[in-house]
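So, here come the structures, one by one.
The two complexes that follow have chain A in common; it is paired with chain B in the first and with chain C in the second.
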Partner chain A sequence: MDSDDDLRPEEMLPLSQRPEWSDVVPIPQDDGPNPVVPIAYKPEFEETMNYFRAIYLSDERSPRALQLTHLVILLNPGNYTVWHFRRLVLEALNADLDEELDYVARIAKKNTKNYQIWHHRRWVAEKLGTNAMAKELQFTRKILSLDAKNYHAWSHRQWVLQALGGWEDELDYCGQLLQDDVFNNSAWNQRYFVITRSPLLGGLKSMRESEVKYTVEAILANPENESPWRYLRGLYKGDSQSWINDLQVSSVCLKVLNSKTNYIFALSVLLDLLCDGFQANQEFIDAVTALRTSNADPLDTDLAKAVCSVLEHVDPIRVNYWTYRKSNLPVSA
Partner chain B sequence: MDSVESSDQRRATVSQREQWMVQDQVFQIYDIFANIPHKTRTLMLELQRDNHIEYLTRGLKQLSSSFVVLDANRPWLCYWILHSIALLGESIDYELENNVIDFLKHCQDPNGGYGGGPGQMPHLATTYAAVNSLITLGGRRALSSINRGKLYAFLRGMKDPSGAFRMHDAGEIDVRACYTAISVASILNILDDELIKGVGNYILSCQTYEGGIAGEPGSEAHGGYTFCGLAAMILINEANRLDLAGLLDWVVFRQGVECGFQGRTNKLVDGCYSFWQGGVFALLKGLHSVDGEHVALSDAEEGDSATDGTSEGEDGNSLETDETCHIKQGVGDGEMAPLFHSVALQQYIILCSQEQEGGFRDKPGKARDYYHTCYCLSGLSVCQYSQSKDEHSPPLPRAVLGPYSNLLEPVHPLYNVVLKQYQEAHEFFSSQSTS
Partner chain C sequence: MYCDCKLIILMLQMGELAVDKHVKYILSVQKKRKDSFEAVVMEHLTMNGAYWGLTTLDLLGKLDVVDSEEITEWIIQCQHESGGFAGNIGHDPHILYTLSAVQVLALLDKLNVLDVDKVSNYIVGLQNEDGSFSGDMWGEVDTRFSYIALCCLSLLHRLDKINMEKAVNYILSCKNVDGGFGCIPGGESHAGQIFCCVGALAITGSLHLVDKDLLGWWLCERQVKSGGLNGRPEKLPDVCYSWWVLSSLIMIDRVHWINKEKLVKFILNCQDKDNGGISDRPDDAVDVFHTYFGVAGLSLLEYPGVKAIDPAYALPVDVVNRIFLGR
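Right, the complex of A and B next:
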């Protein structure tokens, strides 16, 4: 792992030649006589692990043990046993946890998608409490600036907000990310998280009006973008009456249908509306009729069926799904 | 509030640029495929069985030093390799089999569960991998090497007061942990009310407004967690608490123009989701079975009146022949054709994920690995059997893209082990008492 050289002590004598480790008897790995999936460990890896096993088994929670966990982590940051032991040592030594956060940040540079690092970071931040809040929001922001969809970073950020606070700027932050990339579904998901869970906002219902406006704008700018369509449905979760009665929902569908391009999601949402009891007027029937690919097909008298038929043609990869939906329409739709 | 401008008015976003790059690469492959002689085309669709077996067996015997990053995942390496070999209908020789059993014994913790390697703490994910590996090998020696009593104690120890599970002692809580715990307990016949209690509530709280399931409450809907969450809910008989229509609508939209599946909305296609997302369809199909036994596979009816023909896709890059684009109308409950595009997915797996020299990859341009090999083959198997009436009748040739010799062994989708290995294990453990 040459890339981690900057984290390695300058002069790296083998552990077996260092006086401070002379009292420790390294313990080799017991792989059995004929192991499978054997890894051709380099001598340095093997030696470091042998010393680690000795310290782990004797449960030595000392400064040198802490240093040793660092060496093991450099060699394999996915070793959860080492991270776990490191936490035991940190606790025993009453170590400076702010420093530990910086340490995790250095390791995370090369390993942003590793479960262990994020779990460790959450443990440290939890110990530090609200003092860690600003640092954690900044840290995740930095990771997300490099990879705006990093799943672990988002989970961590949500945990920080819920456990430590810092909701004030979160909706703006989501807005910024969506302005950079409106196709970033993680940012849409975070936006939903904020409007439904932030103690500073009034919850889904009170946010709905402004959010629908925002979402409709996003849809009309890029009707082929699935994220705002799903978000729009989410804004009416558990309130199907508002969902079918809010003219903003049906009219965004109609606008996109009438544009005759990128209308698959509009049809799909219209189908859901119809299944939920939406009463479509002639405008909708005309819009759907205009999308029929072939005049040879008889027009379904039922609008929901007609929507499915159009989808079967224009969305061939999901043809079986649309056929299934067509044969499972509620009686009233 | 910031207004969102049209992408026409500004340069393309990161998501768009990345998507277009991948899409172009995939379409190039499909273009080449569409324009070569029929005979060569058949060759391109062939599963490179010998090369896959060679690649897999080699890994079982020796791995290079670059694998140290997976040194805490060695039971996973066993499972990915052994399950792939089993899917291909092959087995390993007696000696190697003994070595696997022996090695996994060294990974088994004296207090129950399996660690990522000898001497490592027991971990739920590697426990799942070790148990599935041993079930894949089958036979009394492999199956009886699992200490079920201790394993049950380990599972209880990982149970959080919330009902969810932790990956390891003081480890992270998520839907993966719930699935691996429940899957292992179910297949070993040690699943009881104490293990089940509360886990359904946790998984339910992870279903998002999009319809899919996230790793933790509030996170983004994701293919891997959706499989894990749904499978766990089925195993504890609580699947109907989920919004299944919403889940289906979400997962059906994860199959994209590349013909493969993406893991999340507006993310890139990846061969491993052939199983995580494709497997969800197999699970949903199983739910429609009429006999109420949740482990029963589907009784979907073959669309035997289907007109086999060539239908043109949206663009010239699309499928050569599209034989799944027809299902029987008016079929009853549990008699549905696959709700995803099985032939299209097979095309992505074979033409874009398969490496001719053996192994499978995420997407063109990426390197092969054992993880993707396992989940591409698992997904391929799910596709091939997606329209079969039941597990006993082999699929019709048109359900299998490429030569019929591409046909793999069927899997039990709840556990992702080869079906007949599941049956052997089920029989073996059902005769043993619960914990």
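Right, the complex of A and C next:
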């Protein structure tokens, strides 16, 4: 825990030996008469918790209580109660909440996936209102620069955007993250969040054209990437006519199929298109026929069936899924 | 369901589940030694630990090695005047611990010690205007809490006390275009959240609102070459997703879309065969959480010798039957 050293107060005297705590009678944990789970605590942990229990029960909302919550948080940042109590103390002391954000940032350095810390941060940011917006966007950016898929950071960032604003640079930010790692599903999700929910953009329909172009490029660069394929489908949400009629969708499938590598998602999207009513021409039939690995199988006359047969073969771990799709094709496909 | 004899034979050939070692490991964690780091960080979630450990024991047919009276007495002492339960005696109540407490009492057939209305009133009080649930009085909102609330109320036969339509609609507002669910509207699909949302919809009889084929495909795409399951695209596999992904697939009746044999092999490879316990990935350190998810996953895969677990309630099927069928 060396990196926590800078968070600890200078003097490391036990609380029982510090004059400022001499008036407090520590209260030990009551595990019941016959504890089912008798926990043998470390002495330092036990002493700190005993003082915390005393302060908590007497509901003392003082500067030293705030300091004590810090010691407890260092020992166990997952403790709900201590964070709750810290909020009560912060309110009572009318503490500087900007400073509190800095404090949370220091604690979060080591605990980026701790629910309590993120919840506490949101409480502070909510109190500060739009003044906290820039700081929060910057903070989540920093956490995401260390782990671009941190679920808590993304949730917090989405809340900040919706509650406090700051949408201006968000699409660029998503683009930047996808430039770093185009396989980052969280960034694709955020991109969808922005184009569907940003009050500064015109909504899904007006964003579709430019987004399809962007997504098709991403697919062609890495056709094995699950995320942009799903994103592409999402761009046509609630508009299956455009989905099957937009040549950009079918042609990206065809291009990948003709490349003959990493074509599983292309086949899968083609299958969806066919099931939704897409009329494939000879080019598609030729492309799929060329992917058949064995001449032993009888050639499926039905293109959707042929697609399923290829998928059964090239994606054996999910063979039952593709067999299911094959046996549930709509009559028209 | 069908009898998959070939699969069972394959499972037995693949190397045994070290049942006795795992039982010993669980019992040793329940009596933690001094200076244990795990004991310190787990202190506030002893209730969850009790649920993970005791459910594992029950699935392995070894629940009788614990003293159910003692555990029941301890649980009662963890109840707060609000009706909610805390993670340990003297801590604050939270919906997370409340479900674990109810689940453990259900396991031990001790639900009769509860003042059912007191507990259910606590949960009812956590529902928000939009149908979502908060975890506690401080208001953190997450679809995890929707599941917990609905599961808990259902086990207590008190689902009628909340606005179910709003609860279901909130969950649906968290559905994404990939068929999955996130923690809040717009949140990325994540296997853990999907379990919560699908579980809540199963409990409320609303599974017809799930796009089963689309979600089923997303879920079976979570299986990677090693046979393990991940929780999101391009993430590492982890034993805990054997539970989150599999239980969801079972609830939507699509579990045959993954390769069961490969998954069994992956879970068995995560065992510590010397000292017991299961880890997140092969050769990592074991913990109670992953031991529970590994055994529960094997249960869903119908591994021989492991009791069947209910995918929605996360309790052994015989316990669920006792509650809902009275036998």
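The rule is simple: the second predicted complex is superposed on the first by the 322 of 333 C-alpha atoms of A that agree within 3 Å, B and C clash if a C-alpha of one lies under 4 Å from a C-alpha of the other, contacts with A are read in each partner's own complex, and residues count from 1 in each chain.
To be clear about the criterion, contacts are C-beta pairs under 8 Å (C-beta built on N, C-alpha and C of every residue); 3 or more make two chains touch, one makes a residue touch a chain.
Predicted, not measured: the structure shown is a model, and the values here were computed from it.
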* Asked: So, on chain A, is it clash or fit between chain B and chain C?
  -> clash
* First (chain B), second (chain C), both or neither: which does A:141 touch? -> neither
* To do: Quick one: classify A:110 as touching chain B (first), chain C (second), both or neither.
  => neither
* Asked: Does the superposition put A:154 against chain B (first), chain C (second), both, or neither?
  -> both
* **chain B versus chain C as contact partner of A:64, first or second or both or neither** => neither
* Thinking of the overlay built on chain A, is A:317 touched by chain B (first), by chain C (second), by both, or by neither? -> both
* Examine A:214 and indicate which partner it touches, taking first as chain B and second as chain C; both and neither are also allowed. => first
* To do: With the two complexes superposed on chain A, say which partner A:127 touches: chain B (first), chain C (second), both, or neither.
  => neither
* Return first, second, both or neither, reflecting whether A:205 touches chain B, chain C, both chains, or no partner chain. => neither
* Comparing the two partners chain B and chain C, which touches a greater set of residues in chain A -> B
* Shared chain A surface residues [contacts with chain B and with chain C] -> 29-32, 34-42, 45, 53, 75-76, 78-81, 84, 87, 115, 119, 149, 151, 154-155, 158-159, 183-186, 189, 192-193, 197, 226-227, 230, 233-234, 237, 317-318, 320-321, 324
* For chain A, which residues count as touching chain B in their complex? -> 29-42, 45, 53, 56, 75-81, 84, 87, 115, 118-119, 122, 148-149, 151, 154-155, 158-159, 162, 175-176, 178-186, 189, 192-193, 197, 210, 214, 217-218, 221-222, 225-227, 230-231, 233-234, 237, 268, 314, 316-321, 323-324, 327
* chain A-touching residues of chain C, taken from the complex the two chains share -> 30-36, 39-46, 49-50, 66-67, 70-71, 73-74, 77, 87-92, 94, 136, 138, 140, 176-178, 182-184, 186-190, 216-218, 220-221, 223, 225, 232-235, 254, 256-259, 262
* Given the complex with chain A, which residues does chain B contribute to the contact? -> 1-7, 13-16, 19, 59-65, 67-74, 77-78, 81, 95-96, 98-100, 102-103, 105-106, 115-121, 123, 167-172, 208-211, 215-216, 218-222, 248-250, 252-253, 255-257, 259, 264-267, 311, 313-314, 318, 322, 324-325, 327, 329-331, 336-341, 344
* Structure fact -> Residue set of chain A touching chain C in the complex reads 29-32, 34-42, 45, 53, 75-76, 78-81, 84, 87, 115, 119, 123, 149, 151, 154-155, 158-159, 183-186, 189-190, 192-193, 197, 226-227, 230, 233-234, 237, 317-318, 320-321, 324
